[in-house]
Amino acid sequence: MEINWSAVLGIVFTPVIAFLVGVTYGGLTRRITARIQNRFGPPFYQNILDIIKLYSKESNINHGVMQHLGPVFAITASVTTLFFIPVIKDSPVFTNFSFNGDLIFLLYIMVFGSLGMALGAGQTGNPNSAIGVSRGLSQLVGYEVPFVMALVAIMVQFQTTSLNDLLAVQDHFTKWIIFQSPFAFLAAILAFLGMMGYAPFDVVIAPAEIASGPPSEFGGKYLGLMLTSRSIFTFAKLVLFTDIFLGGAHDFITLIIKTFILYMIPVLTGIVFPRFRTEQSIRFFWSWPLFFGILAILVVVF
Amino acid sequence: MFNDKEASKIVDIIKNFARKHSLWVVAYGTGCGAIELPPTMTSRYDAERFGIRGSATPRQADVLLITGYLSVKTLKRVIRTYEQMQEPKYVIGFGSCTINGGMYWDSYNTIKALDRYLPVDVYINGCMPRPEAVISGFIKLQQLISEGKADGAKRYRENLEWYRENQRKVIKNWRMPEYNW
Amino acid sequence: MNKNLYNENQTIEEIKNTFHTAEIKLQRESRIIVKLRSDLIPPFLSYAKNYLAFNHLAHFSCVDWIEDNEFELVYLLYSYEKNIVVIAKTRISRDKAEFVTIKHLWRQAETYEREIHEMFGINFTGNDRLNEFILEDWDDIPPMRRDFNTIQFAKDNFYTRPGREDAQDVRETITKKSGEKIPDFAKEFSVRNLK
Amino acid sequence: MNSIAYILLITFAGAGITFIVHHLIKPLRDIIAITVAASGLYFVIQSLTEKTKIVFGIADFNIIWGNTPYSNLFAVLIAVLGFLTILYARDFMAEKERLGYFYMNLLFVIGGMYGIVYSQDLISLFFFWEVMTWSSFLLVIYCCKEAQPIGLKYFVFSAIGAYSLLIAIVMIYAQTGNLELSNILQNFGNISEVNQIVIAVLLLTGFGVKSAIMPLHVWAPDSYSISPSPFTALFSGALSKMGIFGIGMVLFKFASHSGYFSYVKIILAWLGGITALLATFYAIFQTDAKKLLAYSSIGQLGYIIIGLAVGTPLSIAAALFLVILHGAFKAMLFMSVGAVYFRTGTTDMNSVTGLIRKMPLSFVTMLFGIITVSGVPPLGGFAAKWMLYESLIQSKHYFLVIVVFAASTAAFLYLYKLIFSLFLGQEEVEWSHVKEVPLLMLIPMLILSAFVLVAGIFPGLVLDPISHAMQYLGNYGFKYETSVLFNEWGNKINMQTVINVIGAVFLIAGLFVTFKGLKKTRYVTTKDIHTSGEIPEENENLTYAVDFYKPFERAIAPALKASIDKIYTAIGNNLEQAFDFLRYVYTGNGQTYAMYVVLFLSLLILFAELIFGIKL
């Protein structure tokens, strides 16, 4: 059997790069937040230290096999999502499995991790976890609807559900979908705010009210794995949005620039806003984002 | 290449570096000292630049910060919280009340020496200690961690019977779940 | 005193007319102290609430007069209309520490009564929630009674760090360091002198 | 004799024999029931390869039984589910009374369903339809006295369905002069378009009652939740599919002639969409596990109806795929909830918690079930959802796809609540005696779990018979491979890759998290949780299960205000006042009602000429 070494390289390095970029972004977020609050802030590699520390915890507890597997579900979803997204356009190394899946698959695999985590959090028996899960799932229903509307509009406009086809369409920056279908972008980016879970949509993990919600019983390696998964997932989502709306990237520098700009949208929104209650955030997602979503579809249809 | 000993040494250095620079504090505001923490964390003193961060639950935390006097009733909860934390874990006694009872030296319901009940790694003196003092206490803890001397959890495990005896003496109706490793 | 004490005087007048045995004192502006026999307290409170518009039970506490072998119960009632606090005081015997509940008048009285029960050991008949409240697993005599020796209890139960047996040492150390003198009023109250 | 005759004969005779044996030798009863179901399964598999027809005449009519690829699809579903439910019922019902009655009716239901799918003429179709309705009605009221009003509701709606079927059949006969399916299908295009529409709508109403389309669904939640669990699995898994079977026949065999049918189809599709969305919303706020599943079942049938009504090859494939899959996963879920009921005696989600460590295999079954329902890869539900979405987008039903997607995302809420309340959460002393259910109950659950896994990885295996059925329905062809699905734009999804990636990552991460610090990883009970240092008492229930989705309820409160059940009740109340005199007519005596039915039929025959223009 002939082994495709560039593909193997991609499979090995994509998660590593995603983790490093995602974790650095996380650290930078803390730094930027600190600077906006007139603080000095932690170093940019702070999140890496946190994760190493969590992995080096000597004792760990779990409440049963579902909690044990909860973070595994999460990281499976993150890495699988990443593998089915073309990270670098036309690169034989970083295309991974993106030709075998499409947007609807990505939509579903992205919730796989949340559901697994929710099951893990459920088994801990901590009421705070359950409250967090209840809030999180309710919010999920809120932001998935406008997001799907945006995706449907794009799929219909370009007559494809494949991410690679969408990338092929955007061969020049004037043809980026953000310009071709701005309403879809608006709907999707507002949904993206909810997806990232920064304020004002961070009622799920509200640390002061429900003791960080779903992960409140997770410590040590479990929390470490969760944070790892979160870093990878952040990067995966950013690449997905870049691929859909910003024409992807031919090299890493472009990718970093584009994803960083995208990433700053939820981060900067998050710093200046207080927190929505769950029903407020659902109503928010079903007002303006939904309106933009309908507009996007109507523009495509007529 | 390295041999095993050197490799494990390097791993230890990395681990201790990470532990030292990532101290998640469980915010258990037992006494009046809790009010000193907001200025410590926010823009004036900004403890986050040393990697010190609040954590919501003991499961995620590294440092148990006892901010002030401990009544017997609170002590029970604090012991529980400490036992729910994951190793390695550190305790910082904060303010004179934890050291010698402070102004509650003659109270009928307040313990006077925290290190009889929990293994304290660092004491911060003062009534109240200012945020500078708090940060200096944390830096002392960081030094101890990097030297490998912050072994409170180990001491607790090894002298569990002694600690238990002291705890049982003040907590009369002992209905605590057993601490199993 | 040139303030208008019309409300206060009228209230005192009304109380006097109804409760002839009450000792009433106008302590200062908007502070009236009423001392009553213990069996008159429930009717008085009810009267003050229903007829004099003292709707708010602001506080309810207890004082241990060990010298007289009595407990003094202190009710603070406030009227929003008149802006007056009426302080109703009564004494009950220390030997038979029992009193009637007033929780049918103010529901919050239940909590005060629980606290007084726990701290002074006074039993309020009619209050069925006199269970463990703030102190957990307390089996000594109630700690706020003056015959409870706090210092001895703390010495017996809690480990005292050497050099910290009383409050004196700290002051002396401070004075030595800073060169200040201990003021006389402080000396008077220091523990060593009390002994 | 051929297999179909064997199937019907064995099942119906077996039902009678079981009843008799119950009164003679009790232990033999279960064995006979299982044997009957198993031989039914055997002959159904036999009949797949042969294409047969049985014709015999009664009076002037020809009774024709035969199999088509389309009916084979449903027959296999019935046979497998029938066999598994009877296997499951063996232990589940062991302590109950009147088991002869139960098994007889269960076998009658199965036989009735066989009859429906094998009927090639409308007389026997109607006959078997009534057999199925009656015996299922008797099973709904099996449990207790409280079931009687619920059974009545079920029966009233079934009667509405049956009457519309009957009128449609009479009209068809009036228009075509024939009741044989093959003849009707040839001549159906010749009758006037208005009559075509009327007949189709009447037939859709009749079939729609069984498949619980809104607004004909109100009987379903109560009836599903009150009937005994083994039957509920069959009820929701297979019996509701008879409605789908009929709707499929109507939409693709009858309704393919007139142009007006596109409107009927659009209305039907939107009814399906609204059914899916509203039923999902109702399911979220249920506190009884079986009722939750009942609403969920209504919602899932909504997807199937959408798939059929949209009518592109991919959507029909999705619908039929969902038919098979829904049969499997809803049976799994009902069996799993039944297992909880078997051990705890209740299905109230507010009181049962933390069974995962006591009933691990039931938990796994439910986990597979909910993953399949939610449509998350890698299990079978994803393939179905994928085909449905792709087909909806490509057939330009843009807003319908949003509704469907909203419904299926909202489905996560109730699915999580179901598994969380029953199996996760605090482990209570109250349920410490619970243990795993007997092997005979586990086998059906695990077989179905394995099936949904295989259907997820190799959807092609299930799509093979479906594509044959679609050939029969109207020469619909679509492209698929064993584990690769294609949409109409040529995009594809490779389930084999998906499962490989997920499996590999899951394995690596799982091994890592297991073996990292294995010695120092310990299990603690669910009482040992962070509660600000407070130590929970042994019997203190800290599970957050009551009003689990209050925030969501607040968000969608306006949509929930109108309840169709309430509208019916309001209409009923007003009618009650208006038609008080009807009490003299509706005496409550069954014989009187029978007399009315006879009267109605004779009137129908008398005035048939006047109404339908023919002489019966």
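Just so it is clear, A, B, C and D label the chains in written order, and each chain counts residues from 1 on its own.
By definition in this document, a residue touches a chain if its C-beta (ideal position, glycine included) is under 8 Å from a C-beta of that chain, and two chains touch if they have at least 3 such contacts.
It should be emphasised that the depicted structure is a prediction, and the values quoted were computed from it without experimental measurement.
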{"item": "Innermost chain, taking as reference the mean of every protein Cα atom displayed", "value": "A"}
{"item": "Of A-D and B-C, pair with higher C-beta contact tally", "value": "A-D"}
{"item": "Distance from subunit C to subunit A - Cα centre to Cα centre, in angstrom", "value": "60"}
{"item": "Distance between the centres, which are taken as Cα means, of subunit D and subunit C, whole angstrom", "value": "71"}
{"item": "Interchain centroid distance [CA atoms averaged], subunit A/subunit D, Å", "value": "36"}
{"item": "Subunit D: positions in contact with at least two other chains", "value": "520, 522, 527-528, 530"}
{"item": "Per-residue overlap in subunit C, given as positions that touch at least 2 other chains", "value": "none"}
{"item": "Of all residues in subunit A, the ones touching two or more other chains", "value": "57-61, 211, 216-217, 220"}
{"item": "Touching chain combinations (by label order)", "value": "A-B, A-D, B-C, B-D"}
{"item": "Parts of subunit B lying in touch with subunit A, wherever the complex brings them together", "value": "14-15, 17-19, 21-22, 24, 42-43, 46, 48-51, 54-57, 59-62, 85-88, 181"}
{"item": "Subunit D residues within the subunit A interface of the complex", "value": "354, 356-357, 367, 371, 374-377, 382, 385-386, 389-390, 393, 396, 398-399, 401-402, 405-406, 409-410, 412-413, 416, 419-420, 424-427, 487, 489, 491-494, 497-498, 501-502, 505-506, 509-510, 512-514, 516-517, 520-531, 542-545, 548-552, 554-556"}
{"item": "Residues of subunit B touching subunit D in the complex", "value": "28, 57-59, 76-81, 84, 87, 175-177, 180-181"}
{"item": "Interface residues, subunit C side, partner subunit B - complex", "value": "134-137, 139, 143, 148, 150-151, 153-154, 157-161, 163-164, 166-167"}
{"item": "Touch list for subunit A against partner subunit D, complex", "value": "55, 57-66, 68-69, 71-73, 75-76, 79-80, 83-84, 97, 100-102, 104-105, 108-109, 111-112, 115, 118-119, 122-128, 130-131, 133-135, 137-138, 140-142, 144-145, 148-149, 152-153, 155-156, 159-162, 165, 211, 216-217, 220-222, 225, 277-279, 282-283, 286, 293, 297, 300-301"}
